[in-house]
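So that you can tell them apart, the chains are marked A, B, C, D, E and F in the order they are listed, and the count of residues begins at 1 in each.
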Amino acid sequence: MIASGVTGIAYETVETPDRRLPLLMPMSEVAGRMATQVGATFLQRNHGGRGVLMGGVPGVAPANVAILGAGTVGANAARVAVGMGAQVTVVDINHDRLQYLDDIYTGALQTRASNEYNIEEVVYEADLVIGAVLIPGGRAPSLVTRTMLQEMRNGSVIVDVAVDQGGCIETSRPTTHSNPTYVIDGVVHYCVANMPGAVPRTSTFALVNQTMTYTLRLAGDGINAIRNSQPLCLGLNTHRGQLTYAAVAEAFGMDYVAPLKALAS
Amino acid sequence: MIASGVTGIAYETVETPDRRLPLLMPMSEVAGRMATQVGATFLQRNHGGRGVLMGGVPGVAPANVAILGAGTVGANAARVAVGMGAQVTVVDINHDRLQYLDDIYTGALQTRASNEYNIEEVVYEADLVIGAVLIPGGRAPSLVTRTMLQEMRNGSVIVDVAVDQGGCIETSRPTTHSNPTYVIDGVVHYCVANMPGAVPRTSTFALVNQTMTYTLRLAGDGINAIRNSQPLCLGLNTHRGQLTYAAVAEAFGMDYVAPLKALAS
Amino acid sequence: MIASGVTGIAYETVETPDRRLPLLMPMSEVAGRMATQVGATFLQRNHGGRGVLMGGVPGVAPANVAILGAGTVGANAARVAVGMGAQVTVVDINHDRLQYLDDIYTGALQTRASNEYNIEEVVYEADLVIGAVLIPGGRAPSLVTRTMLQEMRNGSVIVDVAVDQGGCIETSRPTTHSNPTYVIDGVVHYCVANMPGAVPRTSTFALVNQTMTYTLRLAGDGINAIRNSQPLCLGLNTHRGQLTYAAVAEAFGMDYVAPLKALAS
Amino acid sequence: MIASGVTGIAYETVETPDRRLPLLMPMSEVAGRMATQVGATFLQRNHGGRGVLMGGVPGVAPANVAILGAGTVGANAARVAVGMGAQVTVVDINHDRLQYLDDIYTGALQTRASNEYNIEEVVYEADLVIGAVLIPGGRAPSLVTRTMLQEMRNGSVIVDVAVDQGGCIETSRPTTHSNPTYVIDGVVHYCVANMPGAVPRTSTFALVNQTMTYTLRLAGDGINAIRNSQPLCLGLNTHRGQLTYAAVAEAFGMDYVAPLKALAS
Amino acid sequence: MIASGVTGIAYETVETPDRRLPLLMPMSEVAGRMATQVGATFLQRNHGGRGVLMGGVPGVAPANVAILGAGTVGANAARVAVGMGAQVTVVDINHDRLQYLDDIYTGALQTRASNEYNIEEVVYEADLVIGAVLIPGGRAPSLVTRTMLQEMRNGSVIVDVAVDQGGCIETSRPTTHSNPTYVIDGVVHYCVANMPGAVPRTSTFALVNQTMTYTLRLAGDGINAIRNSQPLCLGLNTHRGQLTYAAVAEAFGMDYVAPLKALAS
Amino acid sequence: MIASGVTGIAYETVETPDRRLPLLMPMSEVAGRMATQVGATFLQRNHGGRGVLMGGVPGVAPANVAILGAGTVGANAARVAVGMGAQVTVVDINHDRLQYLDDIYTGALQTRASNEYNIEEVVYEADLVIGAVLIPGGRAPSLVTRTMLQEMRNGSVIVDVAVDQGGCIETSRPTTHSNPTYVIDGVVHYCVANMPGAVPRTSTFALVNQTMTYTLRLAGDGINAIRNSQPLCLGLNTHRGQLTYAAVAEAFGMDYVAPLKALAS
């Protein structure tokens, strides 16, 4: 890209002043809601799971779902899990997020502060564990370790939504839609790196909804649009042969030029 | 009563053709809702309980409440327990009732078919057990036995709403509002025989709502009202020195006269 | 069975006085809830569907789900569909059932009276059609005809829960868990005859909950239990070499003996 | 006002540091909730509409309501529409607002990102369109154009809450409570400029709730209250013959004096 | 009709074995939901009411709505009133109905047993009173008397849905859509006899949904359909010059012939 | 502490940049939820109250609960009150908070702007008044005065959660768990200063959830942790014999040293 002199903006680096990543968010929403759906599928016996129906039926216990993380992915996963009738517990270190979920779902799900004790407790009780901890720009911590798998039920399922950023489950490694799962210590792992790709119609609309605003500005004002929009400016990676994204420059040991300076050239 | 020749109708024997006891029902509603309230109170450490708050708070587990019976008492107890934010499981043998609660609360409570295995599981998990099984005209079965108490948590609470009909907890015996609880094997027992007496304002209105219909008929038509109303007729105990309620006659070894025959005399 | 002289009671013929089939009901509940779950799965592009996420995401339309039938199967399918965030319409001829769903879900789903006009309208709008019409003891009518498929969206999905009783979709024929779907006119058909078999843990508990009552009676009273229980009596198929179920006798051109008469022999 | 030398503060110019207009907000809440109510009324056939009942009845489709804008007006309109049982879709460019409504109403309404394609789709499907886009200090864009009316159903209704700021419907022009509607291309337009005036009791309380705080400060501290309160200072229009509101000064080609400077005189 | 010899079945006399009137029910549903909607409209000051918005706004009290009757009309009126955010109290003598509404709306509305004391209390507190008591085949009792109007608030509104059967408000008399209200003692009376006529699209679909079943049977089997259907048989008014509906015969002093006998002629 | 030279951080002075007190919040959540629970208990006749059941029963009015304050305490108290089925009104001056509660509970509670008129109205109607106004660092205003008690119902209950900061009820003075209430003018006052102490299990978990983050930092980095964390720095009271909290210094007339300066010593 540098050689070609192209002006390049990466989806995943467009960032608002309050440090959110608007072009990634719709994919987190899709992945969160899909995580529960695929978890339900792989809990079926014919897909290797325990043979438990998410919502149970009157008189029979529903599936127990532990969701690690109450951000966009976790909240969306929780919503579908509650909707399907599962018994849901969401774990996070952010009290404000737990409070919000507690307000919205008043009693239909439970929340726990994230610490080793609580994570072990909810994971060992769970039929389905959804890993939904994403640390922007860094590898998520391994909240579920290899050792912990042995205490989990045979046929239980882990869906690690964070897998494309390293995952928050020690034993997770990226899989594909054509070969989505593998089993370790009797626990089914679903770690498809590009989950939203399975629902392209929904994902494309969701993505376009977010990008359209920026695209229209770029189409109208060209380079000036980048100068005048902090998110685009923060997302600029290359311009006229210059590397304008600090983390990439550092990672590759290349020279970094500040976006506004590069644009002025 | 027989000596006095009085025409006597007992509240608890007035019975509709479909075998419901309309004058007892409001008391079941009051007792059911109150059961959870007093359970919450005695879970407080200063009242001898585990020191657990019914609804927990965001990040902390709520109380676990097991309700044995999904009839009027159980359904009303469940409602308040769900409302206070507890994790609630209702046990009954009647699938229709479980289905109805499952429909009404969609996911906010769980249901289990009543059998030994399920009862043990939910009771051992519970901070609060509410005994809500009433067998009309018979002693309720002892669903929680003395042995089971030992597996319960220290400081957990049992409220036996059925205590005035023998109770559905082996270790329950009637107590009073002035001395409502006792402790066996570390489990607080609340077994006040006349729970609705604590909320006389609500209870009186509830009772009058039901009795007024019958009272007005009696006031208007006198003895004829009994003849023409199956519930009143079934509820007649004595008339002109005759004993007209079979179960009482049998219990005391006295002569029984059918109500309509007695009224004709 | 007749040759062996065995006393045989069939699950699917045990029938309560109000004509319900208590031993089949839990399977209808399981199948109904599972129908939506598998429908969601096969709407994924990687399973041949339109690539639509059941609940959509904020700003993007959810899947449109048409449920034909508001009985046990349909109501349970609707519940999961609403819970997953889909736009749900339930069609039935029974106004009481529509009214009940309308009460329970107040606004979260829609209901339509069942007639040709309404069925076409909701089916053509749907991403997912769930066939949930079961006529006890008879083939369900073909509510969705072959011709109608051509008006449906490419990649839409039909789940015919009624397939093991002939189905309520003209083009449905039984499939298996190992090869669950086929495509006609661009519409994915999921017609696994034994859906609850995929969640054996939940299904077994559900079934046992219902059968246990009858099993205990049979274990305790033997043949007498059948005599004294109308559901068991209605469910009796063979006894001491006699055929006691009228429909079977008629189907095979054999002699029919009334259950009570056979039991008296 | 300038001639009289009065110190004038306008309701609609009092503005908090985060650019909200606290004295207008209650009127937006009232207008939003009323918009659905009047929309329901004019959908009645005897008021010129399609003759559709907002919530339908079991078995019959409810009205389809499209709400353009998810701000205070739109959210309040949506709430009443959902409450009345309509099928509701809310359109906005602000993803955070759509997400919030999606959280609060989980499935009882739908959201769409605002773009030409989506607006056309939801407007053409709608029985009732509520225009709820207000651009502070500017004319709202014409989201529904004259051409689009022709694709709308005969007897459908448009309520343009934004009409007093130019409206967000091309064909809307202010009407009055005594003559509230007119018809263009078969579409009933309700464009009363002062909707809250129809519910003066509610509106007055709502307004006083907001103004009281400021009034008390002014009563207590006089001119100093303006100096010390940024909202009041921003809302100052005239003081001792000086014009202190920039937009007004510009519009009338008059001299502008900054509020704090004017107050110091 | 008798002279013409026509076989006549009246909508309002078709009656199921459990004494329900299936062809009237959809109209009760429509009228109930519409009652709240028109009540909201006439509470507006520009229509003569108190100027109160049904749902209030945050910080301001909503309208207080009293609904007399918890049958089909009352339940549907309650639903819309709750949905619009009003404070709702439903009064009935039928405890089962109050219990059902209490279950469905858990806390979002209140219920009161019907007696003089409670009716006065809720009516005097109300901004809007909805009369929803219909006694099949008889005049509804006057639950709100002329004297009580004087204790009601000025500008409050009464909607008497029962007006076409005599009404349950002493001062109600039928009005029309073109002149729907009149005022007595400061209370606005809305007593349109044919409320569903205002939403013909919804009403027609609702009516057809119910009648279609019967119509199809009549079209297929002719007179035999009446013989074989208890509802149709009960609804038969005339056949071959004979009068077959007892109440009508009695009212006009004419000869009555039992339906089956007349059909056999 | 100064003499000992200890580095002291007080729970109640740790403060985030946006002026929240994270270590006090969990106690407000516990106290808020408990306030309703103890209010329900003391409304029982056997505890001196009116004998009203919080949720009433079908046909009988529930308790009327007035909550003064919509902050953390008030919102949590409201949640349990709504859940128990009471009729709830929340009063606050903060419109944003009222709007949020109005959104979350859509119609299940009411909100009122805080002013003398509204407070009197809701307090006089209430069976239970919960005082939940806490002014950080200052005595809360006396919203309920001695005079107002005389207009309250005999046997009504006041729970003043703010009592340990002076209370928001004129007649409240701190009590203890062993002697929790006293009666003035017929109104039961519950003013236990340390309410969360009654549910130590829940409270301890809640507190540890919040403190753990800070504790881990202190354990890892020692004094540096204070330097690098604004909340800890703001919460520092003493360090090496220096007084570093301004309000305390002022109150005791001692010398104040800024935290960062003291830490540098």
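By our rule, contacts are C-beta pairs under 8 Å (C-beta built on N, C-alpha and C of every residue); 3 or more make two chains touch, one makes a residue touch a chain.
Everything numeric here is computed off the predicted structure, so don't read it as measured data.
**Student:** In contact with chain B and with chain D at once: which chains are those? Just list them.
**Tutor:** A chain counts here if it touches both chain B and chain D, which gives A, C, E, F.
**Student:** Any chains in contact with both chain E and chain F?
**Tutor:** Output, common partners of chain E and chain F: B, D.
**Student:** What's the fewest number of moves from chain D to chain F, given that each move must go to a chain touching the current one?
**Tutor:** 1
**Student:** Copies chain C and chain E touch; is their interface built from the same residue numbers (over half shared) or different ones?
**Tutor:** Counting shared over all numbers used gives less than one half: different.
**Student:** When the centre of a chain is set as the mean of its C-alpha atoms, what distance in Å lies between chain B and chain E?
**Tutor:** It comes to 37 Å between the two C-alpha centres.
**Student:** Could you give the separation in Å between the centres of chain C and chain D, each centre being the mean of its C-alpha atoms?
**Tutor:** Chain centres of chain C and chain D, defined by C-alpha means, are spaced 49 Å apart.
**Student:** Indicate the residues of chain B shared as contacts by at least two other chains.
**Tutor:** Touching at least two other chains: 55-56, 58-61, 79, 82-83, 85, 95, 104, 106-107, 113, 205, 209.
**Student:** If you connect every pair of chains that touch, what shape comes out? Choose line, ring, star, complete or other.
**Tutor:** other
**Student:** Can you identify all of the chain pairs that touch?
**Tutor:** A-B, A-C, A-D, A-F, B-C, B-E, B-F, C-D, C-E, D-E, D-F, E-F
**Student:** Could you list, by residue number, the parts of chain A that touch chain B in their complex?
**Tutor:** Interface residues on chain A, with respect to chain B: 55-56, 58-62, 82-83, 85-87, 95, 98-99, 101-102, 106-108, 110-113.
**Student:** Over in the complex, which chain A residues touch chain D? Could you list them?
**Tutor:** On the chain A side, the touching residues are 22, 25, 75, 79, 83, 104, 205, 209-210, 212-213.
**Student:** Name, in rising order, each residue of chain E that touches chain D in their complex.
**Tutor:** It is residues 26, 29-30, 33-34, 37-38, 40-41, 43-47, 50-61, 76, 79-80, 82-85, 177-178, 197-203, 205-206, 209 of chain E that touch chain D.
**Student:** What part of chain C is in contact with chain E in the complex they form?
**Tutor:** Its residues touching chain E are 93, 95, 103-104, 106-107, 113, 115.
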